[in-house]
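Order as written gives the chain letters A, B, C and D; numbering starts at 1 within each chain.
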Amino acid sequence: MMKSSIVRHITSLLLPFVQIFGIYIMLFGHLSPGGGFAGGSILGASLILFRFIYGSEATDAKFKATYMMRLALVSLMMYGLIKGYVFVSAFLGWHSVIGTGTPGTLLSGGFIMPLNVLVGLVVAITFYFIAVLFEEGDFNNANTRQ
Amino acid sequence: MKALLASILTLTFIGFLLLAIVEMPAVGSDSSIMHNVVMDKYIEDAMTDTGAINIVSAIILDYRAFDTFVEASVIFTALICIMIVLKRSGSHDEK
Amino acid sequence: MQTLVNNYMFVGAVIMFGIGFMILLLHNNLIKKIIGMNIMDTSVFLLFVSLGYIKGKEAPIIVGGEISKMGYVNPLPTGLMLTGIVVAVSVTAFMLALTIKLNDMYGTIELDEIQKMRGR
Amino acid sequence: MTQTLTLISHTNTSTNFIELVPLLSIMLLMMSAFVMPLLKKKHHIYGGAIGVLGLTGILQLLNVLHINRSGAYTFDIGHFPAPFGIMLKIGEVESIIGLLFVFVNLMIVWYAYFSLEKEIKENRVSFFHTLNLLLLASLLGIVYTNDIFNGFVFLEVSTLAACGIIVVKDKKTNIKAGIKYLILSSLGSGLVLMGIAFVYSLSGHLSMSYIHEALLENMAGKHNTILISIILFTIGLGIKGAMFPLHIWLPDAHASAPSPSSAILSALVIKAPILFLIKIYYVVFGMAIIGETVILDLVLLFGVLGMIFGSLFARSQTELKRMIAYSSVAQMGYIFFAIGLGNKLGLIMAVYHIIAHALTKSSLFLAAGSFIEQTGFKTIDEFKGIGKEMPVTLGIFTISALSMIGIPVLPGFISKWNLAMAAIEIDKIYLLIILLVSSLLNAGYYFPIIINGYFGEDNLDGKIFRSKSKPVKTLLPLMILTILMVLAGFFSGSIITFIERGIYLG
């Protein structure tokens, strides 16, 4: 946790932009360079920055480790379900439920955009957890210290 | 001694690989065998097949989506492994 | 010889691979070994991506709804290397975690000192 | 430039639901691995794991029956056929290896239900099963895939997960062995990726069958690149598959891991890269290219060295599990020897020995694990007279060890006999001496344990084994593995004909 007030203020100014940039890269992965992994890394970096600047108690209050873990697992499962559905439906010759849309618009590309978002969530949470484990050895310090 | 041995090994290795490099098609040439019908199909049909205009995205998430699914599980595997190694036992949520 | 000059990207990648390999062999420090590993991985990515490059063509993103007259570079190696990078990141993270644990247990990250201890 | 692509025609015209099995098994295992960390109670974890493994096992059995009836098939994943998308190709070899992997893993997890908590911390159990399921899924992926890059990604998952199940035990030696394994393995992955880059630069394809077609067309003037990429694949996959001079990670890793992990590592994890190597040799490059290079002779040489030196090292070990781990090196030597012979019978025997060794070595490791667990001892000398206390476990150990040595009817003998036949077939009679010497060496380190175990009463005085034999129900998975091993020897004829139908060599 950083005490320097300059760093804290700059971070509070900067964080929303970092996060919006990450989300933008995730959402527009099928239209511009980027995609789930790149966007997820940026989002994860913003979470790591938040934790290092504001300390583990504040972060654990905002992002509970168990919920984050569940979110990552649910994202992975959703990914598997969507992809499994696509693979099986391709084998059985079904038509796609959502079409490909108009190329060039945000809501196009079939399942590519949701998949990018899911990968991004998994990557962000994983990177956040890895950094926290490296730094503190556990990710529930706020709970154990009490 | 060890340094000498390592240098010789590395130089031999680099030499071997350079033998292969000599036979490789020139960088940036249009007519090399890699830029074949598979690439043409990706470029021409990616937009109509998948609706994405970023062809790399179309490849990794639609044409070769299975790779990317496995890749997501690589990250997950690494997370679980790191948790095994570094997570302190007996923490709050493990009871 | 002329081919080697023309294929300077491949030559660079191979030399970089050699540098990584050398670091891996010579250094006992685990962090340096991991760095060497990363250099090796990166060199392979460089080799692979430069395979897909075609002179004078554009990045494979279709702008404006129609395929460019200029043509695009080969998108497949780029896509493969995205997957490869993720794999390399995961392996690096796991190695670093093991190094941290090793440092906790032995108090050092020099492999030869660890081998000397033979501690159970 | 204009280029035409002749699509390799596939035979499957009708939609058969059994052809979904390979994809479904991989997806099912991965999805259940994602659920596993959420489970807390022991019986939920094991119920889930055994349920999923059992279901997958049934699916694999149906798959083998389907293949037996109607032959090999291909499966395109997603909407796009092979050169554009990823294709799985399932023939006789792949299906039977898949069934073997799932079955052996199921038995090991069943055994782990009774013993795993004694070796690792309780809150690591769910992680162990997560990694185990991911590992099995990735191994099945390596076996089934017909796409080299896909195989590489699966190889990476299997490396990470295998390293994870080594370090799940929180000892110094485990962490050391884990990092050694990980560094060498990722060096191997780097080499494999470079090999893929070279192959891609030669052919422009990633699907194995298409690479083969393209290589045959464009191999003129590219002999160096082809040879170097074969060497890169051989070294890279040789590290992962414990080829002799590259095996240095194996004894530490297999000896220090908890017993169920050791069994999984030696029975499954080192086998999948070898199958991938066989596919690279015979599906990607083909006998026409491989036969012109020296690579098969090199593999034969390393196999021979592994057979001899693995056994010699095993003899000099004092710890039981370390000895069995070095015995794995020797047995992998047999498999490389079989590949290196370069004829059809040799290749069939490589696959058959994969099956035989997986069944045998898993039961050996589990039996050794239950000795160690019951007595708390580690070195071979301390196990004298253990037959008085644990006759059933020692009996299982004996049968498995006899198969390793090569007593007739048991699968170890079948593969040695047929390897001798294959060596005679290509007029390399001197290889028979090596086979004989290596069998004698095998006998040299397994027989003392067995004989001392049953009759070594001289130093039984004053030694108190902690308890009587384990309850029979905990030994049931071991017994099933042993019975299956014996059956694999009895019905070796039909297994070999089944493998022969799908072997890659014409």
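For this structure, a couple of remarks:
The rule we apply is simple: a residue touches a chain if its C-beta (ideal position, glycine included) is under 8 Å from a C-beta of that chain, and two chains touch if they have at least 3 such contacts.
Remember, predicted model here, so these are calculated numbers, not experimental data.
Contact with chain B and chain C alike is made by A, D.
Interface comparison, A-D versus A-C: the pair with the greater number of contacting C-beta pairs is A-D.
Mean C-alpha positions place chain A and chain D at a centre distance of 36 Å. Our note on geometry: chain A versus chain C, Cα centroid distance of 24 Å, whole angstroms.
One simple way to say how far apart two chains are is to compare their mean CA positions; for chain A and chain B this gives 21 Å. Centroid to centroid, with C-alpha atoms defining each point, chain C and chain D lie 28 Å apart.
Residue positions 30, 34, 37, 77-79, 149, 153, 156, 160, 163-164, 167, 175, 194, 200-201 of chain D are each in touch with at least two other chains. Shown for chain A are the residues that touch two or more other chains, namely 31-33, 35, 76, 80, 83, 86-87, 103-104, 130, 133-134.
Multi-chain contact residues of chain B (touching two or more other chains) are listed as 17, 22, 24, 30, 34-35, 38-39, 42, 47, 49, 53-54, 56, 60, 62, 64-69, 71, 73-78, 81-83, 85-86.
Residue ranges of chain C in contact with chain D, taken from their complex: 17, 24, 30, 33, 37, 40-41, 44, 47-48, 51, 76-77, 80, 83-84, 87, 90-91, 94-95, 98-99, 101-102, 105-106, 114, 119-120. Within the complex, the chain C residues that touch chain B are 3-4, 6-11, 14-15, 17-18, 21-22, 25-26, 50-56, 60-63, 65, 67, 71-72, 74-80, 82-83, 86-87, 89-91, 93-94, 97-98, 100-101.
Within the complex formed with chain A, the chain C residues making contact are 59, 61-62, 65, 82, 85-86, 93, 96-97, 100. Interface of chain D with chain B (complex): residues 1, 3-5, 30, 33-34, 37, 77-80, 83-86, 121, 123-124, 127, 130-131, 134, 137-138, 141, 149-150, 153-154, 156-157, 160-161, 163-164, 167-168, 175, 194, 198, 200-205, 214, 218, 221-222, 224-225, 228-229, 231. Across the interface of their complex, chain C is touched by residues 2-3, 6-7, 9-11, 13-14, 17-18, 21-22, 24, 26-30, 34-35, 38-39, 42-44, 46-47, 53-56, 59-60, 64, 67-68, 71, 74-75, 77-78, 81-82, 85-86 of chain B.
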